[in-house]
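Sharing a structure, written as structure tokens. Questions coming.
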């Protein structure tokens, strides 16, 4: 039991990888996002009101950029990593994430928590996310309250404007919310 | 000063221990919870509107399962660990936690922050929580807002249903809130 | 690539430093705060509705204590550290922070996220913050909702009471919010 110094160093790099995933998603940093995944990454996000399924980094970027666009305010905070190695260059990680979204176009807040289950591999000396999935702990929607005033909003500049967005209905499936 | 490689490995295991405490509480994972504590664990949670005192793992599980039941939505996110060793197999840790609860039966939200102060011991090679306490940084209650729609709620399935709950009035003391 | 055991130990100490910054700010622990910074620390916080600029630890303490006073409820949770060494006794760190404030005197909530970019140096064997800055990911204000009841509030006791506060208009600049 216990971790070797090499594994402790690897753990730190894997944690940095997840840190960049969260920051780059909420800031729409496309170059940083692209560097985080293996080409064949698999993504299975099981929300309460939606599911997202992507195969490969191009689909993942399509999903991330079009779901977190210029009329979205988003926060992804992955916490409490619980990571185990499955080989010298592979690991599995569980994170407990809080997320919060304001959709300015739908005038709606989404909030909740989820459990990420990721796989990581080292390729050419760099740790990458080779698969990521999550299941919801809980999720709630609320109409955007009238009194809220937005005074900073980085995705307004960095996120995809309306005329550059692509339809991602093949990646992001919304359930009938009344059946949730 | 500084940490040895063994201590760094131990720190990672202690952080995983707290990670599992948070996840297992919010998911009502009884088997995972039971493995986290020494048999004689002491618990002293000093909320603003309540206090919880448990002696021993059975009381702690009684408290956790009956306080976070099937009509509760809960989030415990312990952050920013500050851990020091008090011996080769013992440590003390401070965490800064955000918690958020929706009580569907009382139709009330509780939110706030608290400082955990824990003690950890290694027993048979495995780190356990031997004592845990917290004091509130702040705490607030709010009636559940009408527009909130719950679209995922894992405790609805995993948490104790109403007819299986036990009275924990001997463990969880509610103060007169008007005096807080 | 990778971190040496010494660097891993240093990383843990730097993370503890940031942990204490967050806790000491929200608890108004002046002695703990003073120990965290180099005498010549530089501070550049770029909010949406304000900016804060401090030069030196005395200005920083003036800012922190007077901005987080006895009528404030505050939460600073720095997450997801991404730290790199720039020398044996120096490092740079990025953190993704969630903050939440209730101003009881202005009856207003501020919430949002920000990216800290810090520099750390080791002085006499102890890591210190030599510079810190942040940029907002997003920021929102909301009038304090009527139904919220505060049941714990540590800054009410520990924070500066009204008659001991100093004007910090030279450190904290509020923008015209309608122009944000």
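Order of writing sets the labels: A, B and C. Residues in every chain begin at 1.
In this section, contacts are C-beta pairs under 8 Å (C-beta built on N, C-alpha and C of every residue); 3 or more make two chains touch, one makes a residue touch a chain.
What you see is a predicted model; the values in this text were computed from it and never measured.
J.: Rounded to a multiple of 5, how large is the rotation, in degrees, that superposes the C-alpha trace of subunit A on subunit B?
T.: Angle of the fitting rotation, subunit A to subunit B: 120 degrees.
J.: Pick same or different for copies subunit B and subunit C, depending on whether their interface residues overlap by over half.
T.: Result for this pair: different.
J.: Centre to centre, by mean C-alpha position, how many angstrom separate subunit B and subunit C?
T.: For subunit B versus subunit C, the centre distance works out to 26 Å.
J.: Residues of subunit A touching 2+ other chains?
T.: Each of 5, 8, 79 in subunit A touches at least two other chains.
J.: Under the touch definition given earlier, write down the residues of subunit A that touch subunit B in their complex.
T.: Touching subunit B: residues 1-5, 8, 11, 47-49, 79-82, 94, 96, 98, 112-113, 115, 135-143, 177, 180 of subunit A.
J.: Taking the complex as given, what residues does subunit B use to touch subunit A?
T.: My answer: residues 5-6, 8-10, 12-13, 15-16, 18-20, 22-23, 26-27, 73, 75, 77-79, 98, 102, 125-126, 145, 147-155.
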